[in-house]
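Some notes on the structure that comes next.
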Amino acid sequence: MIYFRSDYSQGAHPEVMEALMKTNMEHHDGYAMDVHSDHAAELVKELIGVEDCSVYMMIGGTNCNVTTIAAALKPYEGVITPRTGHAYFHEAGAVEATGHRVLTLPPENGKLTPEIIAKAWDEFEDDHTPLPRMVYISQPTESGSLYTKAEMEAISAYCKETNLLLYIDGARLGSALTCDACDFTIKDIPPLCDAFYIGGTKNGALMGEALVILNKDIDDHFRWMIKRQCGMLAKGRLIGVQFEALLEGGEDSLYYRLARETNRLAAKLRDGLTEMGCTFYGTSETNQIFPILPTPVVEALEEDFFFYRWAPEEDGMIPVRFVLGWGSTDADVDALLARIKELL
Amino acid sequence: MIYFRSDYSQGAHPEVMEALMKTNMEHHDGYAMDVHSDHAAELVKELIGVEDCSVYMMIGGTNCNVTTIAAALKPYEGVITPRTGHAYFHEAGAVEATGHRVLTLPPENGKLTPEIIAKAWDEFEDDHTPLPRMVYISQPTESGSLYTKAEMEAISAYCKETNLLLYIDGARLGSALTCDACDFTIKDIPPLCDAFYIGGTKNGALMGEALVILNKDIDDHFRWMIKRQCGMLAKGRLIGVQFEALLEGGEDSLYYRLARETNRLAAKLRDGLTEMGCTFYGTSETNQIFPILPTPVVEALEEDFFFYRWAPEEDGMIPVRFVLGWGSTDADVDALLARIKELL
Amino acid sequence: MIYFRSDYSQGAHPEVMEALMKTNMEHHDGYAMDVHSDHAAELVKELIGVEDCSVYMMIGGTNCNVTTIAAALKPYEGVITPRTGHAYFHEAGAVEATGHRVLTLPPENGKLTPEIIAKAWDEFEDDHTPLPRMVYISQPTESGSLYTKAEMEAISAYCKETNLLLYIDGARLGSALTCDACDFTIKDIPPLCDAFYIGGTKNGALMGEALVILNKDIDDHFRWMIKRQCGMLAKGRLIGVQFEALLEGGEDSLYYRLARETNRLAAKLRDGLTEMGCTFYGTSETNQIFPILPTPVVEALEEDFFFYRWAPEEDGMIPVRFVLGWGSTDADVDALLARIKELL
Amino acid sequence: MIYFRSDYSQGAHPEVMEALMKTNMEHHDGYAMDVHSDHAAELVKELIGVEDCSVYMMIGGTNCNVTTIAAALKPYEGVITPRTGHAYFHEAGAVEATGHRVLTLPPENGKLTPEIIAKAWDEFEDDHTPLPRMVYISQPTESGSLYTKAEMEAISAYCKETNLLLYIDGARLGSALTCDACDFTIKDIPPLCDAFYIGGTKNGALMGEALVILNKDIDDHFRWMIKRQCGMLAKGRLIGVQFEALLEGGEDSLYYRLARETNRLAAKLRDGLTEMGCTFYGTSETNQIFPILPTPVVEALEEDFFFYRWAPEEDGMIPVRFVLGWGSTDADVDALLARIKELL
C-alpha cells in the first residue's frame, strides 16, 4: 500500500525526532514556560518579521482555530467561513460549542472574496442576528487552491473597512509559501490579518502548530483561553522543540525544504496526470491533487494505493484526492502515475 | 399611522386582559405551579387530542425554540433549519449559544422538503462534523407559506427513517390552522412531531406560548431546562391565565376566532392587491402578505402606514410586508387598498 | 389559606393592571422600541440621578443576572457570589450555562465583605484558574439582611482596587430602600457599582425588572445579549408600561409606597414575634421574616397559612420564612400572630 | 538546579522515545484509527480485566476530565468535586466552559467521603438548582493522599444509591497503584466507577492519557465529543505508540516499574525528612511530599533546588512540595536531604 491519503500519515521528520531525543532528558518548567518554547517563538517572530506579537505553541489546528475565535469574539458575534472551511466542515461543531455562530458562505474554488463576504451583511438584522465579526480563511484552502497576494489584500482591506477581524488557518501554510503559484512571502501575511498559524502537523512535526496573534485584544489572557480549551500541554516544550528544529534557518529551514519538496512531487503528479488528459476538481496549486478519474480506474487503484474519494460518482467519474507529505517520494509518484497510465 | 408592521403591535385581546384582571388578586404558588397553568395545559391536551404529553407555558417563541433544542440535542448534535428559519435568522445566535450548530439549507418558498433535508447528510462526515439530529420548521413559515398535511407527513416520515427529531415552531399556528388553504387540524400535528408550540404572542396574548412536548426524552427534567434558560416566570400563572382565556372552547375558542378573522382580513387584502395586478414575493396563505410595489408607491404609503420593506429594491420595485393582527380592522384594510389604488 | 409564601403569589397591583388596560389597544413597535419603555427608562434615570447610563426592561431576575454577567465577563473570567446568593443557589446553573464559573464564598448573615471577597484570590493561580472579575451581591440579601451604606462602600472600594466589577441584584430593592434600617437612597447606588436592577416582580409588577447598566463595556451591544439569552419580548412595552405606573413620582411613587407598606407589615410581624420571645434565623431588616418555631407550632400553622420551612429541624425547632407582599394586609398579620400566640 | 518541581519536567522515558522512533516512518490512518492505538487499548483492557469497555488515547488530563464530564452530563446537571480537585482548581474553568456547574465540597486530606458528598443534596432544591449527577475524585488526590479500597467502595456504593456517576482522575494512578499504602489493584477500579483514566504524562510519556469508559451512556458518540473538545490528534498514533511501550507486560510493565521507582524515592525522601523531625502538610502516600519547613530553609533551598511553595507562610514555616518523577535519582534525593540537614 502506498499512501496518498494525507500529509499526516507518518510520524515526524527524522530531524524533528532527533531534536526531541536530544532534549529529552532536560528538565524544564511545564506548560510551555520553557526556553525551547520561547526560542521557537523567537524564530517565528524573526521569520515573519514582526517582533510585537505573541506566538503560542498549540497542540493542533482545530484547537488553534477554536481558541482564537473564542478569544476574539464577544458572545453575540459570529465568524464567517466558506461553507467548505475546516472550522465549519471538519471540526465537529467545536466553534459552536463555544457559543458562536459559524456563518457560512458559498466559496469560489474554495476561496472567499470581498463580494462573497459582503453577503454576510444580507443576513444581518440588528439585534436579531449575530454580528459578523471575523472572517476565517485557509491559506491554502481545503481544496488546495491559493489566495494570491492581491486576493489576500482585497479581503484584508474589506475586513478593515467593515470592522471584521481576519484569521488565516495555515494548516498547510508551508505548501502555500513554497508552491510555484505563490506571489508573496510569509512576511506579507502579518500586516493583513489579526491572527494566523503556521502548521506543523502537516509539514514534518509529530504534532503542533505555531499560532501568531497580532491583535492585542485577541491576545488578552490568551494562556487562560488555551487552558480553558484544554489545549495546554504539561510538557509544553514538546511543541517548542519541534518548531526549533523546523524553523531554524528561516526560508532555508527544514520547514521550507520539506514543503518545497512536497510541492515538487505534487507538481510532478499534477503534470503527469494533465499529460494523460486528466481533468481536475477545482484548481489546486499546492500539495493536494484532485483528479477526476473513471470509476473502474479508481477501484483498481484502491488495491495498491491509499487515498480518498473526494466527491460522489457522477457520469462514471469520481473526483479523488492525492496528498503528498514530507515522506512522499519520487518512487511513490512514479508508481502512481504508471499505474494510472496502465488503467486509463 | 395605521399599523401593518406586525401581529404584536398591540397588547392582549380584551378578553385576555379581562381574564388577567379577574384572577389578579388570587394567591398562587410561583413558577407555573398553579391551577391556571395546569388548566391551560389540560385545555391544550384536549385541543390536540393527546393526554400523554407535557405542556409548558413559555415566555416567548425564541425561548421555546432554544430550550427545546437544547433539551433535545446531545452536545455533538445539530439542528437543521431553512436558511430563512426564525431559529437561524431572528434569534441572535441563541441556539448556538447553547453549543449547537444550526445547519441551514436553502428552502423553497420558505419550506423544507425531504429532498432538501437530505442534503444535510452531504455535510456529514463521521466524527468530524456535528450529527444532524433535529429538523426545525415553522408552520406557517416566516414567509407566510403553509405546509400541507402531505408535506408535513413526508417530512415526518423522512425524519423517522433517518433518526431525526422534528420540531414545529407554531408562532403563528393559529393563522395556519384557520387559513383557507389548511387541509389539516391541530390533532394531525402531534403524531407527526416530537414537540411544537401554539403561539400566543402573535394571536391575542400579552405574551406567552404553549409548548407541547411529545417525546419523553426531550421532556426529561424540562423544568430545569426552562429555569436554566432564564425562562421561568415567578408569576407563572400569567401565561396560564391567558391560555385559559384563549383556548376555552376548542375550535370555537377565542384563539381560533381571532385567527380566522385575521386571515379573513389578510385574504381581503391579498385579493384586493391581486385585483390591482400586484405580484407577490413568494406565496403566502396566512396573515402576512408580501406584495412587490413600485418604489414611489412604497415611499408614499410610508407616510400613513407602518410596515416593513422586506427585501432590497430591484428594478424599481420593493417587496414589502403587511401583517394583519387580532386588532386589525376592515377599515384598516380598506384604507390601505384605497391608498394603493390611488398611487398605482 | 393565608399566603406568606412569597412576594409573588398575586398578580400585579391594581394600578399597574390599570396602566396595562389603558394602553392595551395602542399600537407600538416591538422589542421594547416603544415610548413606554423609553419613558420608563427616563423615570429610572431620574430616580437614580444618572442620565448617562442604559436602562433595560427585563423579563425577570435570573434573566437580568445571567445576561449582565455574560455580557460583562470574558470567557476565562468568573463571578464571585455568596454561597447563598440567588445567582448560585436558585438559578439552576444558568450562569454556568453561559460558560462562567460562579466562585462561591461563605457569607456572614447573607452578606459578603471585602475580607470574604479577598479569599477568592486564594483560589487564583495564574492561567490555571478562572480570573475573578465580578462580585455579585443582593440588596437586600436572600436572607433579608441589608448592606449598610458603609458596607456597600467598602465592597465597592475593594472591587475598584482589585479590578473587580460590582453587580447588585435588586430583586427586592424596594424593600431595602424603604426599611427602617436603610441609611442610603437609591441615588447612592450608581456610583458604587457597574450594574444593578430595580425589581418589579416582587413589588407590584406582573413581571419585569428595570436593569441599569452604568459601565459602558458591559453595555456594548447589550440588546444582542438580551435577545441571545431569549429575554426579548415581542411586546416589550408590557414591562415599560408597568414601570411607568410603578415609578412615576420618584420616592412617592407606587413602587416606594408598596415597599413601605410591605415593610411596615413585616416590622409588625417581627415585633409581634419578638414580643412572644421568638428567636430568628439570621437578622432580617426587610420584608422576609425567619422565625425559629417549635415543630408542632409549625405543623399547626401549616393548616391555615402557606409558607416555607427554611432549614431542617434542629432540636425540635424549625426555621420558617414568612414573606410580606404588596397584597398582604394587617388582617393577615394579625391572624398569623394570634394563631402563633395561641400555639406557643 | 535539581528539579523537584513536578513529574512532568522531562520528556518521555527513553523506552517510550525508542518506540516513537521505531514506528516513526510507518504510515497510518489519522485520528487514532491505527493499529498502535488499537493495540494500546487492548493492553489497557487486559490490564484492567475488562473487555467490554472503550479506551481512548487522550492528549492530556484536563482534556480527559472535561470531555468525559461533558459527555456524561445533561445540560442541567453538575459534577461534585473536592474544593481542591484538579477539575475545579487547576483547569481554568474548562468544565464550566461546557456549561456545567462544578459543585465543590470541602475535602478531608484531599479526599471526599459519602458523608461529605451527601452535603451536595443540601444545595439541591428541585428545578432551581443544578442536579448533582457525577462525583469527580482523583486517585491519588492532588494532595498525594490515597483512597483505600474500602474508601473507594464506600463512595461507589453511595453514588450508586443516589444516582451519581463516579469518575476517577488517574493523572498519577501509577503512583497510587504502586505505593506501599495501596491495598487494591487496577482490576478493582472498573467495577467501582463509570470512567477513569490511566495517566501517561506524569509517568513516563511525552504526553497522553488512556481514558477508560465503562458506562455505555457516556460512551455514546464519544469520538465526536473528543473532536468537539479539540482533543483529536491528526497523528493519533502518537499516544497509542507510547502506551504500547508503557503498558506491555501488565504489572511488570514500564509503567509499573517507573511508578514503583518513583514511589521508592518519594518514600526515601519522606523517611529522611521524618527522621529530621519534619512535619507534613497533610498525609501523602505517593510521589508528592509536602514538608513544612522554616522560611530561611526554604529560601536557602531555592538556590539549588526547583520546587513549589505550596501554601502561604504561617508562623515562620512554609509548606513546600517536592515531586519525584520518572527521571529522579537517588543522587537527587540524597542531595536534597543532605542540604536540608545542613540547614535545619
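A few remarks follow.
Letters A, B, C and D mark the chains in the order given here, with residues in each chain numbered from 1 onward.
In the analysis below, a contact is a pair of C-beta atoms (placed from the backbone, for glycine too) under 8 Å apart; a residue touches a chain by one contact, two chains touch by 3 or more.
Treat the numbers as computed from the prediction; the structure is a model and nothing was measured.
For the pairs C-D and A-D, the larger set of C-beta contacts lies at A-D.
Of all the chains, the one whose CA centre sits at the greatest distance from that of subunit A is C. Distance from the subunit A centre to the subunit D centre is 34 Å, each centre being the mean of its Cα atoms. Note on chain placement: the centre of subunit A and the centre of subunit C lie 51 Å apart, centres being C-alpha means. One simple way to say how far apart two chains are is to compare their mean CA positions; for subunit C and subunit D this gives 43 Å. Among all residues of subunit D, those that touch two or more other chains are 75-76, 91-93, 97-99, 127-128, 130, 224, 227-228, 232.
Looking at the complex, you find that subunit A touches subunit B at residues 75-76, 78, 89-93, 96-102, 104, 123, 125, 127-130. Subunit D meets subunit B in the complex at residues 31, 70-71, 74-76, 98-99, 126-128, 130-131, 220-221, 223-228, 232. Contact residues of subunit D toward subunit A in the complex are 1, 3, 5-6, 8-12, 14, 17, 20-21, 23-30, 59-63, 66-67, 91-94, 97-98, 201-202, 206-207, 224, 227-235, 237-238, 306, 327.
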